[in-house]
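Listed next: structures, encoded as C-alpha cells.
Next, two complexes with chain A in common: one pairs it with chain B, the other with chain C.
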Partner chain A sequence: MPTDVERWKDEVYGEEIRGHLFEFAEAGWDAIPDEEHDAWFERFKWWGLYHQRKGQESYFMLRIGTPNGVLEPGQLETVAEVADEYARGPADNPEFGAAYCDWTTRQSIQLHWITLEDVPDIFETLEAAGLSTKQACGDSWRNIVGCPVAGKDTHEHVDAWPVAEELHETFKGDDDYANLPRKWKVSVTGCDQGCGQGDINDLAFEPAERDGELGFNVRLGGGLARKEPRFARDVDVWVPEEKVTDVAAAATELFDDYGDRENRYNARMKFLVDEWGAEKVRSVLQEEYVDWELESAGDDLREQYTYNAGGDEHGDHVGVHQQPDGNYYVGLNVLVGRMGVDDVAELAALADEYGSGEVRLTQRQNVVVTDVPEATLDDFLAEPLLENYSPDPHPFMRGSIACTGTEYCSLSIVETKNRQVRYARWLKDNVDVPEGVTDFHVHLSGCTASCAQPQIADVSLRGMKTRKDGEPVEALDVGLGGGLGEHPRFADWVEMRVPADEVPGYIRNLLEAYVAEREERDVPEDRRQRDGDAVEYETFREFVARRDEDALQGLADPEETSYEDPYMHNTKTTWYPYADEDDLDASPAPTDGSGEPLSVDD
Partner chain B sequence: MADRVLDVNAYTTFTLLDGELAGHGWRTDAPAVLNVTTGGDDEVVLELELDNTATDDVPSHADRVALSPGEARDLAAELESYAGRAED
Partner chain C sequence: MVTRLRLLDDAAWVSVDDTREAGTSEVWPVADSFCSCELTWFVAEAYVEVGADGRRVEARARGHCVTCGEAGTTDWLAVGRVTDDGFEPASGTRGSRRGSPASGCRGEC
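Up next is the complex of A and B:
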C-alpha cells in the first residue's frame, strides 16, 4: 500500500509545486486548507521550504542548496540581503540576534521565520543571483557535497568542482529524477583527504587511479539517519571523469526502480545495499542500467585521508592555506554554523575586498574565503570580523557542531545550537586541552535523525529526556570515538540520559581520564621531522577504540559544574525556547504575511 | 549497550516513562521509551524499549507488537477505562 507521502507526490510533485506555492503566497497562509497542510508541507520541501514546528505555524525554514558549498562572487551578499529582509521572526535569539544564516553540514544555507507570502520575492531575488532552493529538501537529488576547496587545493588529484557542477545542472530540475523513493545524497571528492565525507552519502565518488588515469571509485548506501548508520559500500566500480554523470544517472534510476516506496523507513539506498550486497548492486547496475562494461575499482587514496581521522587534520579547512595558484584560502570557524546577518554581510564585503568575492561552505559548518593574494593576506587576517570567526580557533570552538534543535525543528526533542555555544565556551574556559590535541569534535544532534552527524565525532551527543530532582529535564545520550578517515568508525554509545547540565562536567572528566590513561608510542620516522618529537600520544579515537563497553562506561561520570544551562525545561513544549513568555499559548503564530496574528478559527 | 534500538524524536509518544524489566527471580527499574506508530498492512504498532544501561540481564533490544485497527481501539478503550479507575 503506498504511503501518504507517495500518494501526495503522485498528485503534485517536482517543478509543478512552484505554481501552487505562488498561488498560496498570493492568497495568504490561511488559504491552505487545514486538512491539506501535511500534503502541501511535504511538497513544499522540494522547493526548499520546511514548515517550522508546533507553535510556529505559518513560518518556514528555507534552505538554499549551494553545490559543493560554493557561493560565487556576489551570492553571499544576496543571501545576507534576503536574511536581513525576510528571515526575521517575532522573537530574537539571545546569542545570534534577530536575523542570521545557518551553514549546514551539507554545505547548504538555512534561513528561518520565512513566510509563504514572501516566497515569490525571495525566489526572484535568489534566482537573479544564480541561487536556488530547488530540491534542497524532499525526495530527490539533494545538495551535492564535496571538498569545499575543490579546484583550489594543493591536495587535489582531480578537480571535482566541474564534476559537481555538471551533476547539479543535470539532476536539479530534471523530471526523470524529481520524484525518488526518498532523499538522495551525493558526494564528489577529488582530493586525498576524504573531506567530501563520501562514506556517509547514498552515492559517493572518490578519487582513484586506474591504468594511470585519474577518475573516481563509486560507493553506495551510506547514511547516518535513524538508528541505522551505514558507511557507503564499495561496489567495485571505477569511472573516468566523463562518465560520472552517466553512472550517477544509472545509480539513481536503480534506486528509483528498486527503492522501497511502501515503507519510508526502508526507502534509503543503504537498506537496498544491505539487502542485496555490493556484488548484486554492481551486477544490476551493469545489466540493467549501463550499456558499457563497467570497470572494476581503481587504486584509491583512502590511506591518505586525514579529514576527521582522529589526528591532526587539515581537512576541516580552517586556517590559512596556499592555493596552487599562489593565492590563499582562509577557513574561518563559525561556532555551530550560525552567523548574525550583519556578520554575513561583512564577510561578503571582505571576500570582495580581499579575495575574488567567492565564499565556500564546509561540511563542518564553517566558511572559507578563497583567492586572497599574499600581499593583502595579513590585512585580511587583521580584520575585526576574524576575532569572532577565527582561522585559528580554540579546539573546543573548532570542533563544535549542532543541528537546528527545538528552536525550529519538528523532530528535535532538545535545544541544541545555543546549548552547544555555551558548552564550547565553558569547555574553553574550564578544561585544559590535552597536550597534542588540536581537534576535538563534539557534535550535538537533537534526535536520532542525526543532522549534526553525531556518530562521526569524538563526543557524540543526541537528544533525550531524563528526570532530575523529580523533574523531567533535557538530557543527552553520549557516544565516543567516532570519525572518518581510511577506517571510518561510528561512535560507541556509552551513556544514556545524561542531564544536559552535567554534560560539560562529563566531558571534563572524560578528558582527564584520557590524559591519565592514554598510551605513548613512537612517532614513525617519516613524521618525526615535522615536529621533532620521537614519541606521541594515541589519539582520543584510538583510546576509545581499544576499550570495551564496560571500560568506556567506567571512564568518566557526569557531573554538575559551574556550567549553567537555561534550557533544561522541556523546550519542545514552548512556542520558542528563548521567548520571555514561552508557553505555546503565548505564540503569535500563525500570522499573516505582515506578522499580525491570525485567529486560529479563520 | 547504550545504543538505542528505537528512533527517538518529537513524534515519539513517550520518551521518558518509569519502566521495569522483570524475569524469574529478578526485577530492575529502567527508564523507558514507549511509542505508537503505523506499520504496514493497516497495522498499528506499539513499541517499547527500556534503557539497556540499567541491566546486564538482557541484551539491548526493543519489543514491538502489531495491532489491527480494531485491536488498537480495544486497547485505547481499556486504557481509557483504567485511566478512569486510576483517577478514582
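Up next is the complex of A and C:
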C-alpha cells in the first residue's frame, strides 16, 4: 500500500509545485486548506521550504543549494540581502541576533522565519543571481557535495568542480529524476585527501586511476541517519570523467525502480545495498541500466586520505593555503556554521575586494575565500571580520559543528547551536588542549537524523533526554573516536543520557585521561621534521580504537562544572527557546505575511 | 467522525488532522512491564504506529527507559484525545494495552 507521501507525490510533485506555491503566496498562508497542510508541506520541501516546528506555524526554513558549496561572485551578497530583508522572525537569537545565515554540512545555506507570502520575491531575487532552492530538500537529488576547493587545490587529482556542475545541471529539474523513493545524496571528490566525504553519501565518485587514465571509482549506499549508519559500499566500478553523468543516471534509475516506496524507514539506498550486497548492485546496474561494459574499480587514493582522518594533517579547509595559480584560498572558521547578516555582507564585500568575489562553503560549516593574491593577503588577514571568523582558530572553536536543533527543527530533541557555542567557549577557557592536538572535532546533532554528522567526530553528541533531580532535562548520548580517512570509523557510543550541563565536564575529564594514558611512538623516518623529533603521541582516534567498550566507559565521568546551561528544560515544548515568554501559548504564530497573528479559527 | 492520523518528520510527530500534536523527546511515566523499573520513565525517540479508538489517540513508540536504559518498542500508549475543541494531549502516568486500535497508520505515512 503506498504511503501518504507517495500518494501526495503522485498527485503533484517536482516543478509543478511552484505554481501552487505561488498561488498560496498570493492568497496568503491561511489559503492552504487545513486538511491539506501535511500534503503541501511535504511537497514544498522539493522547492527548499521546510515548515518550521510546532509553535512556529506559517514560518518556513528556506534552503539554497549551492553545488559543491560554490558561491560565484556576487551570489553571497544576494544571500545576505535576502536574509536581511526576509529572514527576520518575531524573536531574536541571543547569540546571533535577528537575522543570520546557516552554512550546512552539505555545503548549502539555510534561512529561517521565511513567510510563504515572500517566497515569489525571494525566488525572483535568488534566481536573478543564479541561485536556486530547487530540490534542496525532498525526495530527489539533493545538493551535490565535494571538496570545497575543487579546481583551486594543489592536492587535486581530478578537477571535480566541472563534474559536480554537470551533475547539478543535468539532475536538477529533470522530471525523470524529480520523484525518487527518498532523498538522494551525491558526492564528487577530486583531490587525494578525501574532502568530499563520499563515504557518507548515497552515491559517491572518488578519484581513481585505471590503465593510466584518471577517473572515479563508484560507491553506493552510505548515510548516517536513524542509528543505522553505513559507509558507502565499493561496487567495483570505475568511470572516466566523461561517463560520470551516465553512471549517475543509471544508479539513480536503479534506486528509482528498486528503492522501497512502501516503507519510508527502509527507503534509503543504504538499505537496498544491505539487502542486495555490492555484487548484486553492480550486476543489476550492468544488466538493466547501462549499455556498455562497466569497468572494474581502478586504483584509488584512499590510503592518502587525510581529511578528518584523525591526524593533524588536514582536518578541514581552515587556514591559508596556496592555490596552483599562485593565489591563496583562506578558510575561515564559522562557529556552528552561523553568521549574522551584517557579517555575511561584509564577507561578500571582502571576497570582492581581495579575491575574485567567489566564496565557498565547506562540509564543516565554514567558509573559504578564494583567489586572494599574495600581494594583498596580509591586508585581508588583518581585516577586523577575521577576528571573529579566524583562519587560525582555537581547536575547540574549530572543531565544533551543530545542527539546527529545537530552535526550528521538528525532528530535534534538544537545543543545539547556542549550546554548542557555549560548550566551545567554556572548553576554550577551561580545558588545556593536549600537546600535539591541533584539530579536535565535537559534533552536536539534535537527533538521530544526524545532520551534524556526529558519528564521524572525535566526540559525538546526540540529543536525548534524561531525568535529573527528579525533573526531565535535555541530555546527550556521547560517542567517541569517529572519523573518515582510509579506514573510516563510526564513533563508539560510550556514555548515554548525560545531562547536557555535565557534558563539558565529561569532555574535560576525557581529555585529561587521554593526556595521562596515551602512548608515545616513533615517528616514521619519512615524516620526521628537521628538529629531529622522533617521538609522537597516538592520536585521539587511535587511543579510542584500541580500547574496548568497558575501557572506554571507564575513561571519564560526566561532571557538573562552572559551565551553565540555560536550555536544560524541554526546549521542544517552547514556541521559541530564547523568547522571554517561551510557552507555546505565547507564540504569535501563525501570522499573516506581515507578521500579524492570525486566529487559528480564521 | 474521521480523524486523520499520520506520523511525520521521520516519525518524530503524530499529526492529528494535519496538525503536529504529539512529539517525541518528552519523558513519559509509563506503568507497564516495559522494563524492570517499578515505574518506567520512557523517552520516545520515534513513533512506530498511531491509531484511534473513537476519540482516543494511541501510539506505539520506540525509545528507552532513562533510568535503566532498557530499549525497545512500547505497546499501545495513550497520546491524547480528540475533543470538540481540538486535540488534548495525554498527561500523567500512562498505561498500555496490547490490542490494536480500530484505525491506524504504521510507519511514516
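We adopt the following convention: the second predicted complex is superposed on the first by the 598 of 602 C-alpha atoms of A that agree within 3 Å, B and C clash if a C-alpha of one lies under 4 Å from a C-alpha of the other, contacts with A are read in each partner's own complex, and residues count from 1 in each chain.
Following the convention adopted for this analysis, contacts are C-beta pairs under 8 Å (C-beta built on N, C-alpha and C of every residue); 3 or more make two chains touch, one makes a residue touch a chain.
Please read all numbers here as calculations on a predicted model, not as lab measurements.
Visitor: Mind checking the superposed model to see whether chain B and chain C fit together on chain A or clash?
Guide: Verdict on chain A: clash between chain B and chain C.
Visitor: Given the touch rule stated above, what does A:5 touch, chain B (first), chain C (second), both, or neither?
Guide: The answer is second: A:5 touches chain C but not chain B.
Visitor: Pick one for A:337: touches chain B only (first), chain C only (second), both, or neither.
Guide: Neither: A:337 stays clear of chain B and chain C.
Visitor: After lining up the shared chain so the two structures overlap, which partner does A:495 touch, if you call chain B first and chain C second: first, second, both or neither?
Guide: Only chain B; A:495 stays clear of chain C.
Visitor: Figure out whether A:48 sits in contact with chain B (first) or chain C (second), or with both, or with neither.
Guide: In the superposition, A:48 contacts neither chain B nor chain C.
Visitor: So, does A:298 touch the first partner chain B, the second partner chain C, both, or neither?
Guide: After superposition on chain A, A:298 lies in contact with neither partner.
Visitor: When the two structures are overlaid on chain A, which partner does A:549 contact: first (chain B), second (chain C), both, or neither?
Guide: First partner only.
Visitor: On the A-aligned overlay, A:477 touches which partner chain: chain B = first, chain C = second, or both, or neither?
Guide: After superposition on chain A, A:477 lies in contact with chain B alone.
Visitor: Touching A:577, do we find chain B (first), chain C (second), both, or neither?
Guide: neither
Visitor: Does any part of chain A touch chain B in one structure and chain C in the other, and if so which residues?
Guide: In chain A, positions 53, 226, 263, 410-413, 447-449, 463-467, 472, 496-497, 572 sit in both the chain B and chain C interfaces.
Visitor: Enumerate the contact residues on chain B facing chain A in the complex.
Guide: It is residues 1-12, 15-16, 31, 40-42, 51-53 of chain B that touch chain A.
Visitor: Would you mind writing out the residues of chain A in touch with chain B in their complex?
Guide: Within the complex, chain A contacts chain B at residues 1, 53, 226-227, 262-263, 406, 409-413, 447-449, 463-467, 472, 477-479, 492-497, 549, 553, 572.
Visitor: Provide the residue numbers of chain A that touch chain C in the complex, in ascending order.
Guide: Within the complex, chain A contacts chain C at residues 3-5, 34-38, 53-54, 225-226, 263-265, 410-414, 447-449, 463-467, 472, 475, 496-497, 570, 572-573.
Visitor: Can you check the complex and tell me which residues of chain C touch chain A?
Guide: On the chain C side, the touching residues are 4, 6, 8-13, 15, 17-20, 23-27, 41, 43, 45-46, 66-67, 69, 105, 107-109.
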